[in-house]
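Please find the structures below.
Look at the two complexes coming up: chain A is in both, with chain B in one and chain C in the other.
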Partner chain A sequence: MSLEIKNVTKIFGTSRKGEGFTALDDVSLSVKKGSSFGLVGESGSGKTTLTKCILRLESLTSGTIRFEGKDIHALSKAEMRRVRARLQIVFQDPYASLNPRITIHDIISEPLIIHRETVPMSSRQRTERVEELLLQVGLSREHLFRYPHEFSGGQRQRIGIARALAVKPEFLILDEPTSALDVSVQAEVLNLLHRLQDELGLTYFFISHDLGVIRYVCDEVAVIYRGKLVEQGPVDDIFDHPKDDYTRMLLNAMPDPDPDLSPFRRVE
Partner chain B sequence: MTTTETATVQARPQSARMENWGRAFYRFRQSWLSVVGLAIVLLLILVALLSPYIVPHPEHLQGVTNTAARFQPPSASAWFGTNELGQDIFSLVLVGSRISLFSGMAVVFIAIVVGTTVGAIAGYFGGWLDEILMRLPDLLLTIPSLILAMAVAAALGTGVFNMIIAIAITWWPAYARLVRGEVIGKKEEQFMVAARALGANATRILCRHILPNIMSPIVVKASLDMGFAILTVASLGFVGIGVKPPTPEWGTLLSGARSYMPDYWWTAVAPGTAIFLAVLAFNLLGDGLRDVLDPKARR
Partner chain C sequence: MALLDIQNLQLAMRSYEGETQILHGIDLKIERGEIWGMVGETGSGKSLTGLSVSRLIPSPPGRYLAGNIDFGGKDLLKASDRDMRALRGRHIGMIFQDPTTNLNPVFRIGTQLVDVALHAGHDDPSILGLSKGASRSAMKKAARKTAIEMLDKVGIPDAATRIDDYPHQFSGGMRQRVLIAMAMIGKPDLLIADEPTTALDVSVQAQILRLIHDLVAERNIGVLLITHNLGVVAQICSHVAVMYRGRILESGPVREVLKHPSHVYTQALLDSVPTVHTKRGELRGLSGLSPEAFA
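Take a look at the complex of A and B:
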């Protein structure tokens, strides 16, 4: 198991008197090495809180999160930094997640500088690595010294992916990586992620509210509703034989890709 | 294929940056007043640098007097007239620009360094550190700045250096507050979260991600403040706790001319106009910079 989440509960606002808000309620799941695990849920269901807990940007109220056997929330700062080099994230919003004041070269090489103990490199080697990464995500060397505002949404998300891949992590959290993109660009980015997983043997923890995307990318899926996992299992099982009412409702709400079946095309 | 690629690699990095500068300068030029401000500021800096070598009567700067020629009205030989000691006011005002500009810049520079450091630490870490660090600026801001500067300057004694320290002490709290607010605003942005997720430590996030993104309001405030700093320097000189009289300084010159008004008006007009021009120019420049760096605040 690459990532094991056990009985994780996160309650916000417990320091004052009264009931706090339960963002995550007894969540347990595990992600196999080399597989893609999807997490589906509507807005506010606790998806992003879970990623923040995995990255230790939020503390847990109770439960444990283990990454390759190590309890993430019990590690020392130095140990956590080493774990961060292997556990990277691609954010949802490609516009807000890149610092507008620094060049693409500096954005992508930043993790290499932060994790220079794990990946010792000279600055020349770093630049070479950045060029290699740009090519890997479908950009080119000429983009090296441009600023984020000069790129389209899809290109920025590629830059975000390149940054996440810079230190050669094994595990990638993808927090709705395509939800801010156009449909055609979504497909490109998804294909890129697919290819990278094959090439680099990555493990994906894929968060989305788009069931079509989950079905395309993931091997296993968990459905989260108001901080609780209502159902989890192999993608085909869940999609073909949903057991929970909420899952069924989500699946029914999925638009059909066949235009002839679309309600907008229906002939009376 | 490869040759064209390398060609574009070399051409691109500069051009993108140059393009930004070009765009910024274009926006700056949109208001001719800011261009005038910039021109006066550049002229002042040039004059300040060259003044000891270009003034017609460099000997007057050392305190040489010529009482035979006292209170000469402005003429071709003494453009701004002469003062009660027969010194050429044009020479004194020109050299006075050195003290005014230098002290103004030093005050703003010290204020930015201290204020930004304190404000950034307070804003980023928050909690009790914020409470402790921000109480001192709050306290300093409750006292009128000129009065506080006068008190500190009087305590430290006269002299350019002490005066700069005195004004800077009253100046940095404003920057601390500005920076703290900006840092708190930027702290929650997604790319800060991204940097933290990458494992960046606080120093790195502050210096690499937050500070470059809050430079614009600091630069704008600094250029608007420069004029006011010059004015404060002149005020301290005027009340006699700034620069000592033999050293020409605008406020001191104005103060000396006070007793000869209105008969010998030119002794006051020249340093007064110099102060007015400097303050006006820095304000116009600041407005122009704000248009460039913070387009949302435009009229």
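Take a look at the complex of A and C:
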């Protein structure tokens, strides 16, 4: 197993008087190496909180998270830094997540500098690596010294992916990476993620509120509702034979572009 | 005569880079009982088309180069600001994407709804169930009653109490219902809804779509529903217009257009939507197509 989450509970605000808010409630799931695991749920269900717990940006109330066997919340700072080089994240908003004041070159080389102890490189090597990454995500050398505002949403998300890949991680957390994009652009980014996974043998933990996107990208899926996993398993099983009422409701609510499948359209 | 008839609408917008033509001759006719979807990618001109009908584009930066928008026997592009104020909220209802920017956080939900109801009631007291010459206090009382009825109709539980809540006490889905109530309170003939469900979860989206669908069935109004979501169009629209760079590439009954698109662009858009049935490798984007292919 690449990532193992066991009985994770996260309660916010317990220190003050009052009950506290249970954002994650006894969550367990495992992600196999080289696979794509999807987490689907509506806003506020706890998806981003779980990614923060994986990255140790939030502490756990109880439970364990293991990455390649190592208990993430028990690591020393130095050990955690080494783990972080192999466990990277791509954020939802390609507009907010790139520093507008620095060039694409500097944005993508940032993690190479942060992780220079794990992956030592000269500045020349760094620039070569950035060029290689730009090509890998479908951009080109000409883009090196441009600024984020000169790029479209889809291109910015490609830049975000290149940055996440800079230190050659094995594992990518993708938190709603295409939610802010037009569908046509989303399709291209999803296809890019497929290709990168094939080429680099990456493992994905893919978060989305869009069931269509999850089915397209993932091998396995867990459905989260108010901090609890209501159902998980291979995508085909869950989508074709949902057992949980909430999963069924989500599937029914998902608007299909085939007008004949509309609940409002009477059959003529 | 159609409820709304947009002919050859051409709009230019001025920015610091100079004036650019945004709408290149939009033609669209909406009859009562029809829900027209307008789909297209970001920046294709959907919102500016909707805002043109409500005449909410200030000039400058906007300038109409040609066209007319016929509604109720008038060309809206030639209507005075006073006429437009009377039409908006009364004959033309509007809902926009983000409920937080359209409800004033410092006023109670009720205050905002009653305002709209009173405004409509001045124009036509029958909306409040009153006859001409009703007293101010009778108007106020009836406006509140109408507001509660409308909240109840859009599915706000316990409307008579919740009407005195502030917007922040409502969830996103409830706030969007309030906006629909606000748009519908004057019994408009035409509803313009710009991405009304984009910020909402799918389960709430399904409820809002049902609400709009039922209002159309009940009141026989016409709707222009602006969205980038082909799934939403397929669900509730009777007709659809596909926008690309300020032009309508094709339009017609929703089954015809979505089942048998005549334009490669429409087909490409459909091929880029991941549905719960799409398998790995089946999605296509637009990058294989050259923009010239769409012209």
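Observations on the structure shown:
Please note the rule applied: the second predicted complex is superposed on the first by the 257 of 268 C-alpha atoms of A that agree within 3 Å, B and C clash if a C-alpha of one lies under 4 Å from a C-alpha of the other, contacts with A are read in each partner's own complex, and residues count from 1 in each chain.
Just so it is clear, a contact is a pair of C-beta atoms (placed from the backbone, for glycine too) under 8 Å apart; a residue touches a chain by one contact, two chains touch by 3 or more.
Note that this is a predicted model, so its numbers are computed, not measured.
With both structures placed on the common chain, the touch criterion links A:Asp182 to chain C but leaves chain B unconnected. Residue contacts after overlaying the shared chain place A:Met1 against neither chain B nor chain C. Once the two complexes are overlaid on the shared chain, A:Phe91 sits against chain B while remaining clear of chain C.
Contact with chain B, but none with chain C, is seen for A:Pro111 once the two complexes are overlaid on the shared chain. Residues common to the contacts of chain A with chain B and with chain C across the two structures: none.
Residues 41-42, 201-203, 205-206, 209-210, 213, 228-236, 254-255, 258-259, 268-287 of chain C are the ones that touch chain A when the two sit in their complex. Of all the residues in chain A, the ones that touch chain B in their complex are 55, 57, 80-81, 84-85, 88-89, 91, 93, 96-102, 110-111, 114-115, 140-142, 144-147, 150, 163.
If you check the complex, the residues on chain A that touch chain C are 42-43, 153, 182-188, 190-191, 194, 209-213, 215-216, 239, 249-264. Listed in rising order, the residues of chain B touching chain A in the complex are 5, 8-9, 12-13, 16, 189-191, 193-200, 204, 208-209, 212-213.
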